[in-house]
Every structure is written in C-alpha cells, then in structure tokens.
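Both of the next two complexes hold chain A, though its partner changes from chain B to chain C.
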Partner chain A sequence: MSVFLQQVVNGLVIGASYALVAVGFTLIFGVLRVVYLAHGAVLVAGAYLGLFALSWLGSITAALAVGTIGAALLGLVVEFVALRPVRQQNHLIALVTTVSFATIIQETLRLTVQSGQPISYPDNIGARLLQAEIAGIKLHVTVGQLAVMVVALVLVVALTFIIQRTWLGRSIRAVADSPLVASMLGIRVNAISGQTVALASALAGAAGVLLGLTIPAIDPYVGEHLQFKVLAVVLFGGLGSIPGAVLGGVLLGFVEAMAAGYLATSYRDLFAFMTMVVILFFRPSGLFGRRLVERV
Partner chain B sequence: MGAGSLEALIIIQLIYLIAALGHYLPLSMNQLDVGIAGYFAIGAYISAFLTRDHEVAFALALIAGSVAAGAGALIVDGLATRVRLTGFAYAIFSLSFAESLRIVLNNVEAVGSSGGLVGIPAHTTLTLVAAIAVAVLIGFWWLDRTRLGHLRTAIADDEFVVPIFGVPLTATKLMIFALGGALGGLAGGLYSHYVLFIRPDDFGFALLISLQLPMVFGGLDRFYGAVAGLLLLGFIPEFVRELAQYRLIVMAAATLLVLILRPSGLITHRTIAWVKSRLRGAQAEPTR
Partner chain C sequence: MGRMNVRAIAIAATVLALSQGARAQAQDLQLATLLPITGPYASYAVEFRLGFEIARDEINAKGGVAGRQLKLDIIDTQSNNGQVVSLVRKACGEAFAVLGPSMSNEAQVAFPVANGMKCPSISSSAAASGLTDRNRPWTFTYASPAQIITPQAVELLADKLKPKRAVVVIDRGDAAANDQGPLAEKSLKAKGVETETLTVSGSDLDFGPVVTRINGLNPDFVVLSTTDKGAVGVLKELKRTQSKAAILITQSAFTPLVTAAGPENLEGVYRYTEFDPTASDDARVKAFIETFKSRNNGRAPTQLATQTYDLLFLVKYLVEQVKATGAADKLADERDAFTKKLQSLKDWQSISGPMSIVPGGYANKPVTVLVFHGGKPERVSAN
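This part shows the complex of A and B:
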C-alpha cells in the first residue's frame, strides 16, 4: 500500500510538471495556430537561468523568478523573430523557423556552459528529503517535488485567472476565436501574439527550474524530449483547452508512474506517440477542445 | 581534409540529397508529411537485415527496402488522407509514426534493439551513389514535365479543384507519397551499407532537421531550390574547419535569416527566370 501511495505521489509530481508545460503549449497552439516547436528549448533556457541564479543568490525563490522572467523575455524574442515574419506562410515554415530558433538556443547553451555536459543544481538542493506520515504510512517527498506541486498549482490557477478575468485574457481569447474580428475590434493582434507566447514561456521557464530541482542533472536537450510528450498531452486535452491540458498532464504522469513498474521503461515513450496517432485519427479535436481539423 | 574523408563527405551528402528529394515530394504537394526519418529507417533496416542475415543480393535488398519504405509511406499517408488531416495535424501525425518506429526498433531484439545493427556488409560506393543521385535528379527534371508532375503542382495550389477535372485525387496523392517514401527507403539502404553500423537513434528528429532546414533554406518552390540548399548548407560548413563546432548553429541561423527576409527560400522558379533573362541581355526585366 505504501509503495502504491508513493507511486501516486510520484505520478502527481511528474504530472504537475507536464501540466505546467502543457498549459503554455496549448495556449500558443490555441491562439496562434502554428506548429510551435521552440517551447522545449525555452524551458531549458529557463532551467539554466535558474541554475545561475541559484548559484549566485542561493535562493530557490530567486531562481524561480529569474527563470520565469528570463524565459518570458525569450518568448517575446521568439515570437518577434521566428513567428511574426512568417505568419502568412504555410505551417511548414513556422515549424522550421521555431525549430531553427530552438537549435540556436540549445547550441548556444552547449557551446557556453560546460560544453553541454549534464549539470546539476548546486548541492542537489532539490533532492533534500522531507518525510510525511499520513495515517501511519510514511511517504518520501523531496524539496523539489513539493516545490513542483505547489508552484504548478499556483501558476495554473494564476493563468486561468488571467485568461478568464483580465483584459489581456479577453483579448487573447478574442484573437484565438478570430484574429480578423479581433483586429476590427481594435485589438492589436501582433502585440497579443507576443504576450501570449511570453505568458506561455514564463510557465515553461518556471517548469524548467522545477525540472532542475527534481531530476539529477539538466542538459541542453532535456526540453526537446519533454516537448513531444507534452504535445501528446495537448492534443489529448484539445488545442487551446487549459483544463484539458491540466487533466492530460496529470493523467500522463500517473500512467507513466504506474507503468514504470510493469512495462519496460524504453516502451514508456511509445505511449505518448501512440496517443497522438490515435487521438488525431479518431478525435482530432481532443477531449475538450474545439475542432482542430477544418473539414471542407 | 584528406581524400578519404572528402569521399565520405560526398557519399553521405549525396545520400542525404536522395532522401531529401524523397521528402520533397509530399511537401511539394503542400502535404506536411514529415515522417522521412521513419521511411529512411525502414529502408536502412530492411535492406541491412536482408544482406546481413539472409545473404540476399545487395541490389535486391535495396529494392526491397525501398518498396517497404514506400509501403510504409502509403500506410501513414493513406490513414492521414482518409481522415483528411491538414497542416499542423498532418505534421504531428506523420512525426508520431516516425518516432514510434524508432522506439519500437529500440526494443526489437532481432535487429539488435538499442545496441544497433552491426557488421552490415559494405556495398555502397561513390560511383553507385553518384549514379543514383544523378538518375534521381534527371527523374525530377523529367517529372516536372509529365502529367503527374503538373498534377502535383495543381494539388499544391488547390487540391479541391483537382477532382473537378476528373482526376482521381486520392490515388494521385498516394502515388506521389509512395514515390517519396520509396526514395527515402532507397537512401536508407545506401546509408546502412556505407556506414555499416546503424542504431535506431540515428533516425530520430535530428535526421529530419538536418534534411528539412537546408531544403527550406534553398526554397521549396522547385526541386532545384531544395537541392541548392542541401549543397550549400551540407558542404560549405564541412570545408571550413573552424566552423565544424558551430555547424548546427550556423545552419539554423542561416535558415532563420533567409526565411525572415525571403520566406519562399533562396531559389524559386522566378529567380531562375530572372537569371536567364539577365544572361540573355534582358530588355524586358520580368518581375521577380
């Protein structure tokens, strides 16, 4: 029973970090409707910025703040350089520009920080153990895991508030519905696109710092791998659906934690890709989303 | 750079060229099939498995790998066409297939799982690769002048108009998809019999990127744009030794810059027309 509960906790932690990346990802897809593949690289940039902040300032809060803000600024740049100039082109062009930008980020990190060798957060600060006892069952939770759950919850709630209750959120939803109509209503579509990517990137940056706190070491390529899994989560939940992304992320976390014991670990990643194939084939709009495929 | 490594560079780049032309076929119809790494892997694995474990003649194995890859493309694109996926969804769908294949290959004992397939007999020579590459290029030049080639352009422009003229749209699309997959498989077979050791992770996202970026850099409007992009970004960084470390970042930055300034890529049919008119002494200069 305690093993099962421990796996539930682990699943919840992995799921929370998936959800954090997925809500940003789904926001970008839902609003800009492009194949955006720089999210993983922005996340890694956030993780490295957090690492530097942690080494200099020594506080996890500072690391989170630096990672989040740095990633948001980077997101603004990505939108301005890689998305805005090619808005009128077909999907392939945006795919290539965002991948190019992601490559530039990854390669810059590889060439400047310890030639791309995996690097750990100082003192393994996230790995410090906390113990909790619930109804006589001992659970092991690390500082990093606790931080993931708390921060992910706070940020997802904050994002939902922004999208549902603020002027920025209303503008974002208007652009998602129809950029043309939004522009006729006096909303600056370009500015909103930039702010959307910045908002999503902020979440990715926070997720990067949290990832650094939970895994033994980060390298410039951890984000790329994560990105495809999260893509599956986003498709599962439906493009542009925040509740769908959260549910999908937590679900994938649980499935992976549970499958870790029963399936070969190398098959674990297949799950994400097969989910994408099946979803696209049978229900392209996902569980909660609007229609992704425009049928004529 | 020694003679041996120059030969190696040319062979690998020519193999990439063949694969890239296979990748170009679906893209030239405006169908975002980005599963080329998967078709390449099918060709590489099947042909290598046949020559290594079953002593099948190289030519036969090459054809078998190529046919299997074409069939793979038919399945992926057949499914995608059936549910009418477009743009974004199409790209993710085909990419998922390629990545799934890579993960499965990582777990199949018969082809060495993640350790890879070793001891593949060496058959690929520079002459053979060059001959095939030239043949493929001539084939593309010729294709642009056939009915199938014109239909391809028509589908790219507006695929819903095509059936109105009594053209079987799905069959035409699938034929071109299969051709593209088969070319990818052919390149894969040549690759595995040259490097002699293949691992599933050689055929991941990175392979797609190293084919895709140069093509878009050169321009997708006509096949020679894609070819030019591959030659420019494939060869030049290899010759400048100081650049080796920065190969990827240069490739990405160049692609990004070209797409921002000129989203259609470096060379389009208008560029060629413009150059031709210049060479002729150009009285009336056509608009670019």
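This part shows the complex of A and C:
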C-alpha cells in the first residue's frame, strides 16, 4: 500500500511538471491559435539562465527572476521574428518558423555552454526531502517538487483570472477570435500578440528553472521531448482551457507513474499516449475544450 | 608587352602557389573521425573529440606522422544511425582509415559497411558484445567489450559484498547499456543472487516511479546500466530516499556528469572501467589530465578521452611501422598492411598500460573496480 500511495504522489509530481509547462503552451496554442513549437526551447533557455543566476548569486529567487524575465524577452523576440510576419499565412508556416527558431536556440546553447554537455543544478534546498507519515504510511516529496505543484496550482488560478477578468485577458481572447475585428475595436493586435507570447514564455522560463531544480540534469535538448508530450496534454485537456491543461497534465503524470511503477518505464510513453488517444476518440475537443464550429 | 609579362608572371605565380598548396595537402595524413557532435550522445562526444584533438596537437607539434601533419576530418553523426551508414561509406571512400564511430549504437550499423568496403575502422570505445567479432578483419575497437569486463566486475563485487537480492536498471534504448545490463543480471544470477530487472528511458526526466519500485523490492545491490543522465537521476533519488543498497554504475553510464553529482551522492558507489586516469600516478597521464582540464572548463577526463588520445597515437605508430603514404594507387595494399599490423598488436605501451588486440578485434585490458570515498575513487580488491 505504501508503494502504491508513493506512486500516486510520484504521479502528482510528474503531472504538476507537465501542467506547469502546459499552462504557458495553452495560452499561445489554444488562445492565440498559433502552432508554436519554440516553447520547449524557451523553457530550456530559461533553465540555463536560472542555472547561471543560481551559480553566481546563490539565490533561487534570483534564479527564478532571471529565468522568467530572460525567457519573456526571448519570447518577444520569437514572436517578432517567427510569428508576427507569418500570422496571416498558413499555420504550417508558423510551425516551420518556430521549429527553426527552436533549433537556433538549442544549437546556440550547445555551442556556447559546455559544448552541450548535460549540467546539473547545484545541490540546493530544492533537493531536500520532506517526509510525512499518514496512517503509518511514509510518503516523501522534495521541496522542489512541492514547489512545482504549488506553483502550477497558483498559476491556474492566476491565469484563469487574468484571461477571464482583466482587460489583457479580454484582448487576448478578442485577438484569438478575430484579429481583424479586434483591431477595428482599437485593440493593438501586434502588441497583444507579443504580450501573450511574452507571458507564456515567462511561464516557460519559470517552469524551466523549477524543473532544473528537480531533474538530474539539463541539456539543450531536454525541452524537445517534453514539448511534444505537453502539446498532447494541451490537446486532450482542451485547446485554450487552462484548467484542462492542468488536469490533463496531472492525468498524464498519473498514468505514467503507474505504468512505470507497475509495468516498466519503457511502457510509460506508450500508456500515456494511448490514454490521450482514447480520450480524444470519445471527446475530440478534449476534456474541457469547447467544440469549434466553423460557419460557412 | 610589359602588361602581358606581368600577367604571365601573375598566372605562373598563382599556379605555383596552388601546386604548393596541393602538394602540402597531399602530405597531410587525413583520418575521418565519426563523432556524435550533436544529438542525444553529444555529451560523450566532448571527451572523445578533446582526446583526439590533444593527441593530434601533440603529434603535430613533434613533427607529425613520418613527417606529415595529421589532419582529423571530424564528421558529425548527429547520434543518428540512419546518417552513420552514408557517412561511413563516404569516409571510407575518401580517407585512409576511419576512427569511429565511438558509440556502440552507431558502430553496430557502421562496422558492416566498413568491413564490406575493406576499410580499417577503429572505434575508441564501442564496447557492445560481438561488434568486431562479426565484422572481421577490418574493424576494431580500442575498448574491451562488455562481455569481458562487465561479468568480471560484477562477479568481483558479488563475491565481496555477498548480496542476497539485486536490481538491475537498464536503459533499453542505449546499445551499450542494453548489453551491459543483461550481462550483469546473468552474472548475479550465476552467483545465486535473486535479481530483478527494471527499465528506464533516456528521455525520462523524473525517476521517482522507478526508484519507488526499487525501494519496494528492498535490494541490497543495485546495478545502474543506463546513460549518464539516467544514472544521475536514479542515484540521486536512491540517496535522497536513504536506500541502503550498494550501487554499481556500469561503464556506459559513467561520464563527468556522474562525477559532478558530488561526493555525497557518490559516497560508497562502485564503478568499473578499463582505466581511470585520475587514479594514475603516471606523469604522462597527469600531464594529459591537466591539458584536458584546461580545455574543458576544469572537468577531468574519464577513460573515454584517454581511449581517443591513445587511439591516435596508436594509429601514428601503425602508419609509421607499415610506412603508409596514403597514396591513392597504394591505398588497398597499405590498408591491408595497416590492418594486419593492428591485428597482431601485442603489449603496445598506451597511457593506460600495455595493450594487445585479440583475434576478435578488440583490446584486451584487465578491469579495474573502484569505489568512491570522499569524492575520490579507490581501487577495490577482490578480497
């Protein structure tokens, strides 16, 4: 029983990591409806910036600040160079430009930072183990993993509030529905697009630093595999749904932990993607997505 | 007339300069070097490449190979087996010999091609079982294969530690890990140790589930036959959860990333290798370590770098012994002589000790088992 409960905790930890990344992704992909595949690379850039800040300043807070702000600025550049010029074109072009930019980021990191060798974050408070005993069963989680879970929860509340209740959120939704109508209503489409990507990139940067504190090592390619899983999470959680992204991430994490814990880690991805396919088969718009109807 | 003379002189000078350059290039000894500069194996390539480059610089500084400058044509395999086949085919068509691929995954697809083209291909560290045995007589590996050293190391530790229950963690996606892990499992079972096998993947970021499972099995011995990231992930999680199991990290898993895990995480952890440069008192090894550290942000080398370093000096020795010129009309005969000389190599003095090549085409070196105490590796004796 203790093993099973610990696996449940492991699942929540993995799921929170996916949710943390998915929340930013769903902003761009789901809300702006742009095929954006530079999110993983921006996350990794944030992780590296956080690592440098932690190594030089010795402060996790500083690492988070530097990683978040640095990733936001990088996001602005990506939006300006890879998204804005092709916004009115076929979605495949945005896919190509963002993948290209992601490759540029990855290769720049590989060429400039320790020749792309994996680097671990220095041992810090994030590695400290927290143990609790519930009904005689010992469970554990690290400080870093707990931070990821808490931050993911805070983000879903904060972002939902921003999107639903603030002027910025209304503007983002207006641009997502129709950039033309939004601009006629006085909304500066380019500025909103930039701010959305910057916000999502800031979330990616923060996610990168938090993940860096919990995973064995970072390297320029660590965001790639993560990005495709998170893309699937966003789809099956429901495009544009922030609670859906979080729930999707947690569900995926749970399935992976159970597959790895009771079958084999090599089944982890198999079961994860099978779950997504099944959910999308029965609910094509995802768990929390709304049906998209195109009127002709 | 004056202008025509100037023009004629300029043309003649240009032709002369070009022919001098061509002659200089013909004098260079060119070796194609296949390395995974990009992709998932890029971290290993840092050591491979630096070992080659330090050796090349030392050789060229002392006059080169029989008076010719040594030139390494470094080719990126992108850690992609699909690329490797065409790359080795091209390399064999252009160079005297091919150094690499260094990864077992890649050597598995490259060696049949090189052997079919009668092109000497020498890997510095591909250690998967049977690689060169299946591709005689043109392929070699400077490493002792896993089927030799892994059982030696595991049996030594099984006799010393006398575990009752063991877990072997394997990354099935990596050829070397997928080779060493089952060998470790077989050796443990042969010693009567109850053994279970679990798998991890190179793309995993979180090792909580597999470590929870390991702890649930309550082993007293854990073998990590993974890539370096997997080894660090599982190791740190085992230490964090205060697992009491003795831990052995296989050769495929041990890179500077694991060393960087720190003395606390490595305390009491075992590893095995053909050679640990940091445990050597040899002045030449110490000089190599200092040069390496100065070019690798202070990180010390492992045997991955000493293997490529040694390999280039070995090639120098062989080329000089057979007096190979690399001339196109003599290529087949010179490659044949080079290969035969390599096949018969006995007790050649490398920086890791005397080295011989066995009929199977691999290096015969005794295994060294080490344990970390206070961040430093110490030799483990059999009793």
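Heads up, the rule we're going with is that the second predicted complex is superposed on the first by the 269 of 296 C-alpha atoms of A that agree within 3 Å, B and C clash if a C-alpha of one lies under 4 Å from a C-alpha of the other, contacts with A are read in each partner's own complex, and residues count from 1 in each chain.
In the analysis below, a contact is a pair of C-beta atoms (placed from the backbone, for glycine too) under 8 Å apart; a residue touches a chain by one contact, two chains touch by 3 or more.
Not measured: the values here are computed from a predicted model.
Enquirer: Contacts for A:T142 in the overlay, against chain B (first) and chain C (second): which applies, first, second, both or neither?
Expert: second
Enquirer: A:V81 contacts which: chain B (first), chain C (second), both, neither?
Expert: Only chain B is touched by A:V81; chain C is not.
Enquirer: What is the contact status of A:A191 with respect to chain B (first) and chain C (second): first, second, both, or neither?
Expert: neither
Enquirer: On the A-aligned overlay, A:D269 touches which partner chain: chain B = first, chain C = second, or both, or neither?
Expert: The answer is both, since A:D269 touches chain B and chain C.
Enquirer: Looking at A:V150, would you say it contacts chain B, chain C, both, or neither? Reply first, second, both or neither.
Expert: neither
Enquirer: Touching A:L231, do we find chain B (first), chain C (second), both, or neither?
Expert: first
Enquirer: Taking the stated contact definition, name every residue in chain A that is touched by chain B in one complex and by chain C in the other, in rising order.
Expert: Shared contact residues on chain A: 107, 264, 266, 269.
Enquirer: Please give the residue numbers of chain B that touch chain A in the complex, ascending.
Expert: Going through chain B, the ones touching chain A are 27, 30, 32, 34, 79, 83-89, 91-93, 96-97, 99-100, 103-104, 106-107, 114, 160, 205, 209, 212-213, 216, 220, 245-246, 248-249, 251-253, 255-256, 259-260, 263.
Enquirer: Inside the complex, what are the residues of chain A that reach chain C?
Expert: Listed in rising order, the residues are 3, 6-7, 9-11, 13-14, 17, 107, 110, 114-120, 123, 127, 129, 140, 142, 211, 214-217, 219, 221-222, 225-226, 256-258, 260-262, 264-266, 268-269.
Enquirer: Could you pull out which chain C residues touch chain A in their complex?
Expert: 38-40, 42-43, 45-46, 172, 198-201, 203-210, 212-213, 215-216, 228-230, 232-233, 236, 240-241, 256-257, 260-262, 264, 297
Enquirer: Please name which positions on chain A make contact with chain B in the complex.
Expert: 29, 33-35, 81-82, 85-86, 88-93, 95-97, 99-101, 103-104, 107-108, 111, 224, 228, 231, 235, 264, 266-267, 269-270, 273-274, 276-277, 280-281, 284, 292-296
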